Every structure is written in C-alpha cells, then in structure tokens.
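In the two assemblies presented below, subunit A is common to both, partnered first by subunit B and then by subunit C.
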Partner chain A sequence: MMRVEVLFFGKLVDIAGASLQMNNVRSTDELLEQLRLQYPALAAEKFMIAVDKKTISTNTSLTENCTVALLPPFSGG
Partner chain B sequence: MDAAAKTNGVMEHKPKNIFTQGAIAATFIADSIAKHSSKTNIGGHSIFLGQVRADVINEKKVAAIEYTAYEELALKKMHVIREETFAKYDLTCMHVHHSLGTVPAGEICLFVFTSSAHRRAAIDACNEVVERIKTELPIWGKELFEDETHQWKVNQ
Partner chain C sequence: MNNDQLYERYQRQLILKGFGAEAQQKLLSASVLVIGAGGLGCPLLQYLVAAGVGSIGIVDDDVVALSNLHRQVLYNVQMIGRPKVDCAVEVLKQLNPQVRFTVYNERLTNKNAVSILSAFDIIVDGSDNFATRYLVNDACVLLNKPLVYGAISQYEGQLAVFNVLLNHERSTNYRDLFPHPPKEGEVLNCAEAGVLGVLPGIIGSMMANETIKLITGTGTLLANRLLTYNTLNNQTYELEITAIADTRLLIPATEAVLQQTDYEMLCSSTTVMNEINTTQFNSMIADGSVAIVDVREKDELPVITAFSHLQIPLNSLQQHTAWLTEDTIVLFCLSGKRSAAAAKQLNELFGTSKKIYSLKGGIQQWMQQQKQTV
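Moving on, here comes the complex of A and B:
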C-alpha cells in the first residue's frame, strides 16, 4: 500500500487542516480528484502543487512516502 | 564571508535561515547595521523594512498578522534568489529576515539589507529581492482582527 503525505498551507488549512495521509494515489491528478471529493470547498481555490519540494505544472506520478504540498497564492512580507 | 567568497570568485553561499519568531526588533536592525562598520569596502547600504499595517476592512481593524511558511521550500527558494542576486549585482553582502508567527500592527515583519561599494547595486538588489520575496517565497499572512476573526492576506 502506497502512502503519501499531503500538506496544506495558508487559506487551505481552514478547509482541510494542516496535513493528512492518503493511500494508493498514484498521481497528482488522482490525489486532487480524491481531495475534491473529500473537501468540495477546494474546488473554488487557486493553488500550486509541490511534490517533494519541487513545484510541478503537469500531472506527476507519486512514489511511496512522497510529500505533496498545496500552495495557495503567497502573501509574505 | 560573503565578501571573501566574492573576491575569490566563488559564488557559494550556504543556505541561511531567514525566519525569526515574532516581530523583528529595532535593536536587532540597529545591531545589524553596526556590524558592518568593519567592512570598509562598503560605500552604500540599502534597507527595506516591512511593517504590519492596521488596515480597516469592513469596519474591522487588523490587530496583527500571523505568518506561516512552507519553511523548507522557502529556504530552498531564498537560497536560489540569494545566488542569483549575487550573480547579477556587485554586492558586498545581503541579509534577509522574515517573521513567522504573530506580528502586531506597527511592528516589523520583513528586513532586507544589501550593501555594495557603490549605491546603485545595493538599491537595485534590495528592491528586486523584496519583490521576489513577496512573489516567490511560500509564506502566508493571516490578518487577525481585533474581534478575533481573520482573513487571509492577499499581496498587491
């Protein structure tokens, strides 16, 4: 069974909490599909995705114990 | 160390932690300026200080901003910004500090400090680094109102 850690930041923490674990998701598209079912409010949010601290722009396959982070628009400074 | 690396033509700077818990104290900023008196090849400093504004939104006043970050990714990205800035501008040194956690209105949350032999490099690098911090670092500000409600900050 493949486990993936998902981290949420900024506004997304209000929707889904700070982190969760998901099992048997093989790609970022699959992961997003499941997350949107679990947290319908995510559909209205803009965010970038980072897999193991690298931001991605296309569907990416996931590996055992990898970390996927959902990053809404930054507002530092 | 930055100056030594520069004169050797080696553009390597170790990743530094930029995060400070809570507000950045004025005394810390003053000390940081004072430390540069021994670097007599410097002719100009440029400093940017970000301060938490008590915005009024729908008749509610912002009391503080609570900052969170994806720290590992932020430090990785800041390292790239630092390297690119040293490659682009003739800087003697550069220091960046950003708050995490709660910073009350009126307090400092961002401190960017660049130094160079001549003013132009320090000024231009400082401006560019501030812009890049705001757009490229995974940091989020949550505006806390006086009535304990909140909204997520949006950068302009």
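Moving on, here comes the complex of A and C:
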C-alpha cells in the first residue's frame, strides 16, 4: 500500500487540518480529486503544489512516502 | 559624519566575520525601494536604515490609523491621520540622519511603477494586496531588478528573493509560484482574517536580512526558494521553486504593455461568476421558481424570515446538491464572500445546466437597502 503525506498551509488548514495521510494515490491529479471529495470547500481555494519540497505545475506521479504540500498565496503586509 | 563616527555607528557589523568595511561600503552606496510602509515595511525600514543603506525610497498612499499601531511599530498615537511616508521618514531620520530618503505618497500603479522602480537597485515588496504584488513582480522582471518578497496571512508568512542574477541568469519570480492572480474572495486579506502584530515583525526582519545579504553578497540568498514560517509552532518549510516555461508570456514585455495592464482588474471580483445586486435579488425572490439558498451556518444571525429559502451551509453544500432541483439557484450569505465561493462550486458541478447567482454584498447590504426603501 502506497502512503503519501499531505501538508496544508494558510487557510487550507481550516479546511483540512495541518496534515493527513493518504493511501494509494498515484499522481497529484488523483490526490486532488480525492481531497476535493473529502473536503469540498477546497474546490473554491487557490493554491500551488509542491512534491517533496519542489513546486510542480503539471500532473506529477507520486512515490511511496513522498510529501505533498498545498500552499495558498498570501497578500498581507 | 567623519570616519570615526562612521566606524562607531557600524562597529558591531564591521567587526563581524565575513562582513567588514567592504560590505559596509556596499550598503552605503546601495539604493532600496520599500513598497508599503505597513506591518512588513516598518521593521524593514528600521533595519535597512539602521544598517546604513545609503538611499531609501518609500511608496505608500495610506495614513496612520489606530488599528495599525499593534503591528506598524514606527508610528504612535500622535501620528494618526497623517501620511505614513511622512511619519516614517520623521522617525527614521532620527535613527540615521545620513540616509537619503525619497518618499512617494501615492499608490503604486501601472502608470508610475516604471519611473519609481527605475530609480532604485533593489525592490522590496511589503504591500498588502495582490494587484500591487503582481504589478511589482512584473515590473521587476521587465526592468531586471531583484525583488525581495514577503507576505503574511494570519499566523504564517512567506519569504523569497525573486529575479536575482545568478550565474548570468535571472532566478524564478512570483509568477513561477502563482502564475495567475487570485480573484477577490479566493483568499483572505488581513482586514478580514486578522494578524498578530509580531508576525510582520518577524517576516519584515527576515526581508531586511535578505536585502542586506543581496547588497553585500553575504551568505546564501533565498533565490529559487520559498520559505514559509508559522508563528504558532515555529515550523519553517522551505521549497525549491521550479521555473515555469510559459510564465514569461504572462509578464508584460515592454513598458507600454505594462502601463496598459490593469492589475486592479486582474485581481478583482468583476470577472467572477454571476453576482446580482439587491434589486435583481428582490425580483428573483418575487419570481417564485428560483431556489434561494442561505449558505451561512445554521445558527448565524440575522435570521431571515422575509422570504422563504433553503439553508445549506457552504461546507455541506456538495452533499446536499440533490435539494437543488430548480433551474436557477440564488445563493446568499452575510457579506457575499461565501456565497461567491458556493456559486463557484456549483458552477463547476452543474456547468451550464443551471443558472447560479450570488448576492453581491450579502444579506447585510440587502437589509440596509430594505431599510432605506421602506
């Protein structure tokens, strides 16, 4: 069973908590699909994705024990 | 100031290993533009001025308010109502009279950005809105200026150095992180979400640190990297920013194009799904064939009895879509933000099969309007 750790930042924490474990998601697209089913409010949020601390801009395959971070933009100053 | 005084003022950093007279000389001949003299701008300005940066520009069109004082530590109660740039320079001149200040008591816009930014070597962004942040980023890429970036939200901060020349190549910029500006309502601002005063103090100080490193060539810059800091648990998370090939196409290639790009519009709610005003809302109520939905939590005030409606809180909307049998759905909440988010969700779900509307200004504005018309 493949396990992936997901980290949330900013106001995404209010929706999904600071982190969670997901099983058997093979790509970032699959992960997002499952997350949006579990947390519908995520659909209205803007965020960027990093896999193992590297930002990605296209669907990316996930590996055992990798970490996916979801970070929203901040504008405050 | 004579050399003895100069030495005495900067003695603690002059004796620092890896810094010294050469680094100090670089600081004294550097010019830095600080955009925004608010929560991030205050600590930034204090440390840049104290460190001896030769020339400093400050852009801000705001005046000091009482609600600023918990985090904008350059100001005091006597300054309330006065322009921030004037108050800041007053205080900073007493800290270090040798620094040359240029103040711009105006909002940075697509029209004045190029002329203001051109006069400085390094740009530091402590602004408080996305329109300015995208404008500053794009102008820095266009003008080949390094940009020190910091931003905060609630208990977290982000920090990076963009567009710096490393091995004859410009490092990644804000568009590589977030290519497109968010629309109003997609993200919180400080006024809605709140912020603890010490957070901009921390992030602003880190921005000053990156600026000083950038000027003096000391240490390793946060180039091609994004650092996040959380004040609640002291956790930091550092990411590598991967360049996105197409982002260059999103950035104006000439000054003329930049001046024609409406950044306020790019970040505003005007292009968000169908928002209706109170008059349109009233005619929808009168229509009768429309589903009116309150997306607030069940026990939220005020309780609405003036018209019949469904109650489906935003966070359980997706589980209750079966209730929405009508072809037209009108959503409302207190201020219009959550209903806009709900409308976006339903738009994605139903596509063109249903017409989805959100009440602009929320039930708050509707009730005010009702009072006025009675």
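Here, the second predicted complex is superposed on the first by the 74 of 77 C-alpha atoms of A that agree within 3 Å, B and C clash if a C-alpha of one lies under 4 Å from a C-alpha of the other, contacts with A are read in each partner's own complex, and residues count from 1 in each chain.
The rule we apply is simple: a residue touches a chain if its C-beta (ideal position, glycine included) is under 8 Å from a C-beta of that chain, and two chains touch if they have at least 3 such contacts.
Predicted model, so just to flag it, every value in this text is computed and none were measured.
Engineer: Classify the contacts of A:I56 with the two partner chains as first (subunit B alone), second (subunit C alone), both, or neither.
Structural biologist: It touches subunit C, and subunit B stays clear.
Engineer: Have a look at where A:K46 lands relative to subunit B and subunit C in the superposition and call it first, second, both or neither.
Structural biologist: A:K46 contacts subunit C only, not subunit B.
Engineer: Touch test for A:K11: subunit B only (first), subunit C only (second), both, or neither?
Structural biologist: In the superposed model, A:K11 contacts both subunit B and subunit C.
Engineer: Hey, what residues of subunit A end up touching subunit B and subunit C alike?
Structural biologist: The overlap between the subunit B and subunit C interfaces on subunit A comprises residues 7, 9-11, 50, 53, 69, 71-77.
Engineer: Could you pull out which subunit A residues touch subunit C in their complex?
Structural biologist: For this pair, the touching residues of subunit A are 7, 9-11, 40-41, 43-46, 48, 50, 53-57, 69, 71-77.
Engineer: Quick one: in the complex, what on subunit B touches subunit A?
Structural biologist: Contact set of subunit B toward subunit A: 50, 67-70, 72-73, 76, 98, 109-110, 130, 133-142, 152-155.
Engineer: Residue numbers of subunit C touching subunit A in their complex, please.
Structural biologist: Subunit C reaches subunit A through residues 36, 38-41, 125-130, 133, 150-154, 156-158, 176-179, 182, 186-190, 193, 195, 200, 226, 228, 237-242, 244, 314-315, 317-319, 341-342, 344-345, 348.
Engineer: Could you please specify the touching residues of subunit A with respect to subunit B in the complex?
Structural biologist: Per the touch definition, subunit A meets subunit B at residues 7, 9-11, 13-14, 50, 53, 69, 71-77.
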